[in-house]
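Here the chain labels run A, B and C in written order, and each chain numbers its own residues starting at 1.
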Amino acid sequence: MSDFVSLERLTLAYGKTVAVEAMDLGIRKGELLALLGPSGCGKTTTMRAIAGLLTPKSGTIQLDGREMTHVPPSKREVGLVFQSYALFPHLTVFENVAFGLRLRRASDLVARVEAVLGTVGLQDLADRAPAELSGGQQQRVALARSLVMKPKVLLLDEPLSNLDARLRLEMRLELQRVQWETGVTMVFVTHDQSEALALADRIVVMRDGRVEQLGTPEDIYSQPVSGFVADFVGFETIRRDPNGDGALAWRPGAVVLGTGPFAGVIRGVSFAGEKNEYVLDSDLGVIRADAPVGFPTHAPGEAVAFDLPRDAAVRLERFD
Amino acid sequence: MNSRFAQWAILGLTLTFLIGPFLIIIAAALSAGNNLAFPPQGYSLKWVIKVFEIESFRKSFGVSMLLAVFGTLAALVLGVPAAYALTRYRIPGAEPVRLVLSAPIIVPGIIVGLALLRYLVIPTGVTIMLALFLAHTALVLPYAVRVVSASMENLRTDIEEAAMLLGCSRTGAFLRVVVPNLRGGILAAFILGFVTSFNQVPVSLFLSGPGVRTLPIDMIAYMEINYDPSVAALSALLAFMSMAIVFAAERFLGFSRYV
Amino acid sequence: MFENRTEGLALALPAAFFAAVLFILPVGILLSEAFRVGGNWSLTGYIEFFSNERNQTVFFRTLKLGVMVTVVSAVVGYAAAFSIVGLPTTARGRIFGLVILPLMISPVARTYAWLVILGRTGFVNKLLTTLGLADAPIRILFTETAVFIGLLQLFMPLMIISLVSAMENLPKDAVPAARILGANWLQVFTRVILPLTREGLVIGGTLVFTGSLTAYITPAILGGSKVLMLETLLYQRVTVANDFVSASVIAMILIVMSFSVNVLLKRMATARRHR
């Protein structure tokens, strides 16, 4: 399958600080791709470059077979939902959404704006000012404002991070529904692995301006390539493989408590429904271990043996 | 109870000191007598009417109005882009530029007026009116930059980027989403600049020529010769004009937020 | 932040160029005049200026009045600001508006009012003679007192405004907390209010002090030729004697003073914040 968006040897910099270095990435038509990584890894910079808000130092960006590297943002047909939403404070919801269509002098403007407001469930708030809306509503306006332009690619910057837990779930479903209904290619930036795993068709894990791993959520979750990715997707214990050049990683649930060759002292325990979550101090460092409810419990300060079974570990290509 | 009383006593005395003289001016302006005095000898509107009959006041009022309006507009034309550049761009030499732009606040107006007279008007022969216009523009410029910068800082940068992604050019984004949201700040800067320029004395002290004088200078000149209440009447009228402008500004856009 | 430097400079340069050519250049030439007396670079202009006794008097009077106005503004300003901040919101807005009001009125008008009040046949003298406190009208106009009063009224609002905004940022319970801990009012002021509002005091002080130093209208109208301050002296030297060397020296004094006060006080204010 040929890529809908392709970045080749893309190098991005702010002044002399290089943020992204020689990055290659292909994005498929109609997929929902997540750019995942800690802050400063270059994910937002990459997104801004795709939008045309940042001119690459070198490398190229192609979109739908067209060379886009030096095309201004206004001509790219790329939508961006900003983290802060960036609504125009002086315009109503309707006019915010109609903004781009007015510039194009679209003849079916009213119908299209009303349709998209309906899609995001804001038809009743069309005459409100942005300041009168809740955060979740503002984000829907921002989404509608981008969608109404029928962009080839829709970029979303941390779309869920400013919402509370309930709205977050709602917005997840909403984004999936929008993508399913419109078939638009979506790229979203996040530092939250659970968001990326839940939403994306494919995930790009970024680190220090490079692609660390690219794969489906299942790949990333069960077969991280490095300690960095493993740590990101919930492997708490990562050790060098004594019989090879890779590393081994365990999730807290894979650590066996009460028996084994290692000794530790319980530092704390918290009850989490179907399991107890322990934190241990040991010679191997701090270990997190989950034990299902029903197993013998341990109190803080108690010395306890534990095991890191080799057959429960995931093999990583690299330790760090 | 006691501190309540102290509080109002302090406020009463302070406000009497600050506003009292202004009330006395109004009373003196309404005097029926021929000399400046308080309490006035009877009340009449004759001095208020006289103000409009004094030819030189009419002329210098026109000069001051022109200067205040066009000087402030020119300062905004220069100052808005500068404020935009200083708040939105990472530019080399931003600090020296800031310093140069704030210089007119630090340098006393009388010196500027003298310097312009001696090194601009006399050698190049430009008209006094042009020199006054340039001096007032320079004088208002720092206020324009400061007030507009302040309201620019309250405006998120990403709305311009959003506008560009929706099809605006760089300039289009500035005009369509930045300027409309700066309207309040620009208007506040205009009013502040207008009042500053209109009331300005020292800059214009040396810059006066045959038939070209700003109103405050003309008032001082008149006072030196006459001791009648017409200057009081004019002062009161001007004060009401300023108050009306500021009141309207506060009412419609919360002016004091910007100052 | 946009990265395009050329674009940014293109936007900022017209204003900077305008200010540089119309402001800094002519003022710079004027300042250089005192160093070029008789065609040679020297300090003669300065030496002659400061060896003149009248110039010394004017110089020290200007400084003295500047300090006095600043100090009295600060004292009254604290009392007034404290009273304003303690008001309920609507009353506070109205009173604050009344404090700002004089700033919008022409200084000529404001100074002129004092002629009516302090003049020989003015309000104060009438009051004094009517009450029998004085046999004949006393001389207030054209004294340092008159100039002081005029300057105080002109610049005090700036101090009050700065202090009010500083006090609005004071933690709400700081004063009651200090009272509960046993501080008396003087201690509350010196240990809590003063340190927390120092920045406002510094800003207000700068505005009042430099304003008083560079005032022209007030000394011109209320002081006349008897009570000259630096700016009125400058005007007199130029118009009466065509003495541009003295003008240049005075210009330098005023610029150096207001610039250094600005820099010094700004540093004092920020030094605290970073501690």
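Criterion: a contact is a pair of C-beta atoms (placed from the backbone, for glycine too) under 8 Å apart; a residue touches a chain by one contact, two chains touch by 3 or more.
All of these numbers come straight from a predicted model, not from anything done at the bench.
Comparing per-chain C-alpha centres with the mean over every protein C-alpha atom, the closest match is chain B. By number of C-beta pairs in contact, the leading pair of chains is B-C.
Averaged C-alpha coordinates put the centre of subunit A at 53 Å from the centre of subunit B. If you average the Cα atoms of subunit B and of subunit C, the two centres end up 18 Å apart. Averaging Cα coordinates per chain places subunit A and subunit C 57 Å apart. Contacts with at least two other chains are made by residues 90, 170 of subunit B. Among the residues of subunit A, those touching two or more other chains are numbered 15.
Under the contact definition stated at the top, the residues of subunit C that touch 2 or more other chains are 3.
Note for the complex: subunit B touches subunit A at residues 90, 155-156, 158-159, 161-170, 172, 176-177, 180-181, 183.
By the touch criterion given at the top, residues 6-8, 10-11, 14-15, 17-19, 21-22, 24-25, 28, 35-39, 78-79, 81-82, 84-86, 88-94, 96-97, 100-101, 103-104, 106-112, 114-116, 118-120, 134-135, 137-138, 141, 145, 157, 170, 195, 198-199, 201-202, 205-206, 216, 219-220, 223, 231-232, 234-236, 238-239, 242-243, 245-246, 250, 256 of subunit B touch subunit C in their complex.
Touching subunit B in their complex are the following residues of subunit A: 15, 51-53, 72-76, 78-80, 82, 84, 86-90, 99-100, 103-104, 142, 145-146, 149.
Across the complex, subunit C meets subunit B through its residues 1-5, 7-9, 11-16, 18-20, 22-27, 29-30, 76, 79-80, 83-84, 86-87, 95-102, 104-110, 112-117, 119, 121-123, 126, 152-153, 156-157, 160, 210, 214, 216-217, 220-221, 231, 234-235, 238, 244, 247, 251, 254-255, 258-259, 262.
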